[in-house]
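One chain, chain A, appears in both complexes that follow, with chain B as partner in the first and chain C in the second.
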Partner chain A sequence: MCKRKRLCAVIITSVLIIIYSILPVGWMIRTSLLDKSELLKSPARFLIKEISIDNYKQMLGVGEANILTSRNFKTAFFNSVKEALLSTLLIIVIAVLAGYVFARVKTRITQILFVLLLVTMVLPAYSVMLPLYRIMIGLNLLDTVTGVVLIYVSAFMPLAIWIMRSFFESVPTGIEESAWIDGSSRIKAMLLILPLAMPGIIAAAIISFLSVWSQYAIPLVFASSDAQPLTVFLTTLSGKSSVNFGLISAGGMFTILPPVIIVIFLNRFLVSGLTKGAVK
Partner chain B sequence: MAGILLNHVGKCYKNSREYVVKDLNLEIQDKEFLVLVGPSGCGKTTVLRMIAGLEEITEGEVFIGEQKVNTLEPKDRDIAMVFQNYALYPHLTVFGNIAYPLKQRKIKGVKYSKKEIKKTVEEISILLKVNHLLSRYPKELSGGERQRVALARAMVREPKAFLMDEPLSNLDAQLRSVTRSEILKLHRQVQTTFVYVTHDQTEALTMGNRIAVMNHGVVQQIDTPYEVFYHPANLFVAKFIGSPAMNFFDASVNKNEEKTSIVIEELGVCLEIDSKTPKEEKIIAGIRPENIIVTEAEKNGVKMQVDHSELMGTETILHLIRNDLELRCKVPTEDYRGEKEVNIQFDKEKIHFFSKITEQNLGLCCSGVRIGCLPGVLHS
Partner chain C sequence: MLLFLAGFVIIPLGVSIFDSFFQVSLLDVDSREFSGIQNYIRLFSDKNVRQAFLNTSFYVVTALTAESVLGILTAVVLKDKFRFRGIIVAILILPWALPPLVNGVIWKLIFDPSIGMLNSVLMRLELIEEPFIWLNNPDISKICVIIVHIWKMLPMISIIFMAKMQTIPEEILEAASLDGSGKFKQFFTMILPNMRGIFLITLIQGSIGAVHLFDEPYYMTGTASDTRSLLIEDYLIAFRKYDLGEGMALAMVISFSLLIMIVLLMILVRRGTKDV
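So, the complex of A and B:
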C-alpha cells in the first residue's frame, strides 16, 4: 500500500513539473493557432474554440500571404540550418582530434593547454564581443555565415573537446597498442577505436548543434541581416506599431521543431555522453 | 625471424627518478623461446613493452635482428604481440580481427588482395581451431576462444618475433595447461623467436628454452630451466623458482684445521664441506622440500612435529615445526598419512649455500651430513 502511495506522489509531482515546464510552449502553440481577430480578446483563454492555421500559411507563403515575410523566413531558416550544421561538423572534427590527443598524450604542455581551453568556457561571451567585432570587420566576415560559424566553433569547441576526451579516456589503450603493433599508424589506430567513442561523438554533436541553433546574442550582433538566423528573424516580426504575436508564435514553432526532434530521437546518446563527462 | 638484443637498457618513468628496469643486458637468440619471469612489479612487462615499442627506452639500445629500433614506431618493428587481456577489436568480427594485421601491411608496396587475406585467415583459423567462429564478435566468445583469436591475429603474418604478455593468466587451470602445450607446439611449427612474460614459475619452467628471472628491474639469472632450478644463482631465484618454495636456514661456518663444516644450529645438523671455504662466518643454507628425506620416527634423523599437511594428489606437503623453526617437505601421500612426528634427513647433494651479504650462491658442495652433532640438540 505504502509503495502505491509513493508511486502516486511521484506521478503527481512529475505531472506538475511537466506542466510547469511545458506551459509556455503550450501557450505558444495556442497563440500560433489563434485567429487574428481573437488575438487581443480579453480575458485570454488557454483553450480556444476555433483553430486557424493562417499564421503558418503566412510563414510558408501559402495562399494570401506577405511574400516578404515568407521569403525572409525561408532565408533565415536555411541560414540557421547551414550555420548549425557547419559549426557542428567543424566542432566534431576538431573535438575528436583534440580530445584524442588530450586523452592519450599526458605531458605538462597538453595539461596546461587543456586547462586554458576550459578557462575559455567560463568567460562570458559578451566580454569578447567588442574585440570579436573588430576582428570580424578586419576579416570582412561581418554578417556572413562563415563569420558566425567561426565564432560558434571557437565558443562551443571546448565543451565538445572535453566530452571527447572523457570518452577516449574510457577506451582501453590496449586496443590501440595492439593496432600499432599490427601495423597501423597512430591516426589509423584512432580511427579504429572511433566506433567505440561513437556515443561521445553523437552527444558532442547534439550539444553543439543545440547550442548553435538557440544562439541569439551572437547572431544579433554579427549576423543581423544577410546571414540572419531564425532566432533573430523572429524579433523582426514585431514592427514599430504592432506586434503580431500569432506570427511570432508560428515562427517559434518552426524554430523549436529541429531541436525537439533531435532530442526525442537521440536523447539516449545525450545522457550517456553527459554522464561520462561528469562522473570521470 | 630475428634475434633480439638488449644492451644496457634502462627505463625510468617521467615523474619518478626510480628505475623500473636497470642496466638490462639480454641476448635472445633467433628461434629461441625465452621466458621472462618474476613477481608482479619486477619490470618484466616493461621490458616486453620496450621491445614492442609501446614504452620509450630511457637508456641503452634495443636491436631486433641487425636493426636498432630505439626510435622506431611499433608498426615498423615487425613484431607481433599477444596481450594479457587479448585487446581484440570489439567492433570487428573474428575474421576482421585476424585480417586486420594483413590489411595494414604491404609487401613490396603492394597490399594484400581480398582473396589472399581470406585464404590466409582461413588457414590460420583452422590451425588455431577458431574457423567456426569467424563471423562472431569478441564479446560472444569464451575466454579460451578469445585467447585463440588473439594468438591467430598475432600469427597471421610472419613477424620477426612474438611477444606474449601473460597470455594465459585469464584462463582457468585446465585450459591453461592445454594452451601451454599448444603454444609450444606453435613455436615448433612457426620457428620464430618468442619472448614470453609470466609470473607463473610453472609456465616458465615448462615452456622456456631459457628463463630470465627478474626482480626489482634487474635480471637475477638467465639460464636453462634445468640450471635455474638446480643451480639458482642467488637467494631470490632459489626462493622464487620451485613450488613449494625452498627451505632456508641460518647457518654458521665452523673452520677446523683439517675440515670445514657448516652448522645449522636450529636443527643440530653439521654439513661437511669439501670445496673451498667461504669467507663469511654466517651464511644461509637452502634445501628444496622434495630433497628432504622423511623417515619414520624411530629411525635416525632430526625429529620434527607435523603441524599440518596439504594433499596435492599423489604427493603431500608436510609442514613441520621444531621450536620456532618451520619447514616444508614433499612426500608420497601413501607413506605418511596421519603421522604426528617424523624424522628428517637431507639429501647432501641438493643443499645450496648462499652468502648472507651478497645473497649469491656460494657454489659449495656438501660431502656429508651429520645429525645431532651439537650438544643440547642431540638426537634423543
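So, the complex of A and C:
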C-alpha cells in the first residue's frame, strides 16, 4: 500500500513538473510559429493548423524582411555570445586559481578574504552600479563589450570561486603532496589535480555562462546600443503602440536556445554546482 | 582577483556612500554640491518610493513563503530514487536557467487578455465570458509578477532542499519506521530539524532574488506604480530623473535593508536551532 501511494505521488509530481516547466515555454514556441492573421484570433486556439516560419525568417533576414530588425538581431546575438563566452573564460581562470588557494592555504588572511568575498555576493549589484557608471564613462568603456565583460567578471566571480573551493576541498591532497616530494612546484601540482576538479570547473563555467547570458538590467544601463545583448534587443522589438508577439516569441526562442541546450546536455553539472556550495 | 574586487566592488561602494550625501546630476557628474542627508530625507518623503517599498516587501514575503512550502513538498517527493528522476530534475531546472527577461516575455503571452493562454483556457471552459485583464489590473498585477518570479526560483530551491534531504542517512529513517513512527512524524521529527541550516541559505537566496526583482515587472507592466519594485524606482531616479545622488542614496537604503534582513534571518534560524 505504501509503495503504491508513493508511486502515485511520484507520477503526479512528475506530471506537474512537466506541465510547470514545459507548458509556458511551449506556448511561446506556439506563438512564434503563428502568422499574423492567426495570431490575433481570440480566444486563441491551442493547436495550430498551419505552421508559419515567417517570424524566424524575419529575424534571420531571409526573404523579404525588415533589414534593420535582422541586422540588429544578428549584432545582438553575437554580442551576447561574445560577452558570455569572454566573461566565462575570465571567471574560470580566476576562480580556478583563487578557489585552489582558498581550499589549500588556510591562514587567517585567506579566511578573512574569503568571507569578504562572500559579503560582496550578498551586496546587490545595484549598490555599485551607479558609481560603476561613472567609472565606465571615465574609462571610455560605456557601451562596449569590454566594459560589460569587466562588470560581469566582478559580479559573478565570487560564486564561481565559492563553487571551485568546495570542489577542490573534496579532492584528496595525497596526489599533490607526492608531486611536491618529486620536486614539482605548487602550480604544477595544481595542474595535476585539475582533471579531478573538472566537474567543478564545468559546473562553475555553466553557471557563470547562464548568469551572464540572463542579464538585462546591467546591459540596459551599460550596453544599451552598440554592445546590446539579446535581452535588451528583445525589448526594443515591442514598439510603443503595437506589439508583434510573433516576432518577439521568435526572438525569445533564440535567446533561450543556449540555456535549453545546457539544461538538456549538462544538467548533471548544473545540479551539482547549485548544491555543492549549499550542502556540505 | 583582489584587484578586480577593489576596482569594481569596493571602490564603487565607497563612492556610492560618499555620493549619496551630495547632489549629483547624471548629466554633469563633476559638479557636485554637498547636501548632507537631504537625499535621504527626500527619499523617505517620496510617495513613489514608499509604494515601491511596499511592493518589494510584498514580493519578498510571498516569494519566501511560496518557495519554502512548495520547495519542501517537491523535495520530499523527489528525494528518493525512481526511474526517470534524472530527466524530471532536468525538466524542473529549466525555468531557472532561462533569462528572467524571457520569462517575462513568456508569461506576458500567457497573461495577455486577448491572445493569452490563460484567458483562452478559461473562455474555452466557459468560466469567464469576457477576456479578463490580468496585468493592467492593480489588484492582481503584483500577484502575476511574483508568480513569474517564483516560477524561476522554485526549481533551484527545491533542488537544494532535495540534495540536503538526501544527505540524511537512510538507516535513521528506517530505524524510526521500525519503531513505529509514521511518515508524517518522521518528516517533522527527523527531516525538518536537519534542514535548518539549509533553510537559512534558501531564505537568503530567496530574499536576494526577490529584492533584486527588476526584469520581470519592467517588461511585463513597464513602470506602472502598482508593480514597480525598489530597483525599478532606483533606475528611474538615477537614469530618467538624472539624479545620481538620490539614486545612490536609495541604492544604499536597499543594500543595507537587505543586509539587515539577512542578519535577522541568521539570528532567527540560529535561535531556532538552539531550541531543539
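We take it that the second predicted complex is superposed on the first by the 272 of 280 C-alpha atoms of A that agree within 3 Å, B and C clash if a C-alpha of one lies under 4 Å from a C-alpha of the other, contacts with A are read in each partner's own complex, and residues count from 1 in each chain.
By definition in this document, contacts are C-beta pairs under 8 Å (C-beta built on N, C-alpha and C of every residue); 3 or more make two chains touch, one makes a residue touch a chain.
These numbers come from a predicted model, not from an experiment.
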Query: Quick one: chain B and chain C on chain A, clash or fit?
result: fit
Message: Just to be sure I read the superposition right, which of the two partners does A:105 touch: chain B = first, chain C = second, or both, or neither?
response: neither
Task: Classify the contacts of A:175 with the two partner chains as first (chain B alone), second (chain C alone), both, or neither.
output: first
Query: First (chain B), second (chain C), both or neither: which does A:120 touch?
result: second
- prompt: Looking at the overlay, what does A:256 touch: chain B (first), chain C (second), both, or neither?
  reply: second
Query: Does chain B (first) or chain C (second) touch A:62, or do both, or does neither?
result: neither
Field: Partner with the higher number of touched chain A residues, chain C or chain B
entry: C
Message: With both complexes overlaid on chain A, does A:185 touch chain B (first), chain C (second), both or neither?
response: first
Message: Considering the aligned complexes, could you tell me the closest Cα pair distance between chain B and chain C in angstrom?
response: 25
Field: Contacts on chain A seen with chain B and repeated with chain C across the two complexes
entry: none
Field: In the complex, chain A residues that touch chain B
entry: 172, 174-175, 177-185, 188, 192, 195-196
- prompt: Any idea which chain B residues touch chain A in the complex?
  reply: 52-54, 73-75, 77, 79-81, 83, 85, 87-91, 100-101, 104-105, 153
- prompt: Which of the residues in chain C come into contact with chain A in the complex?
  reply: 1-2, 4-5, 7-13, 15-16, 19, 26, 29, 74, 77-78, 80, 82, 84, 86, 88-95, 97-102, 105-107, 109-110, 112, 114-117, 119-120, 123-124, 131, 151, 155-156, 159-160, 163-164, 167, 198, 201-202, 204, 208, 211-212, 214-215, 218-219, 231, 234-235, 238-239, 244, 247-248, 251-252, 254-255, 258-259, 262
Field: chain C partner contacts - residues on chain A that touch it in the complex
entry: 6, 9-10, 13-14, 17-18, 20-22, 24-25, 27-28, 31, 39-46, 94, 97-98, 113, 116-117, 120, 122-135, 137, 150-151, 153-155, 157, 161, 210, 213-217, 220-221, 231, 234-235, 245, 248-249, 252, 255-256, 259-260, 262-264, 267-268, 270-271, 274-275, 278-279
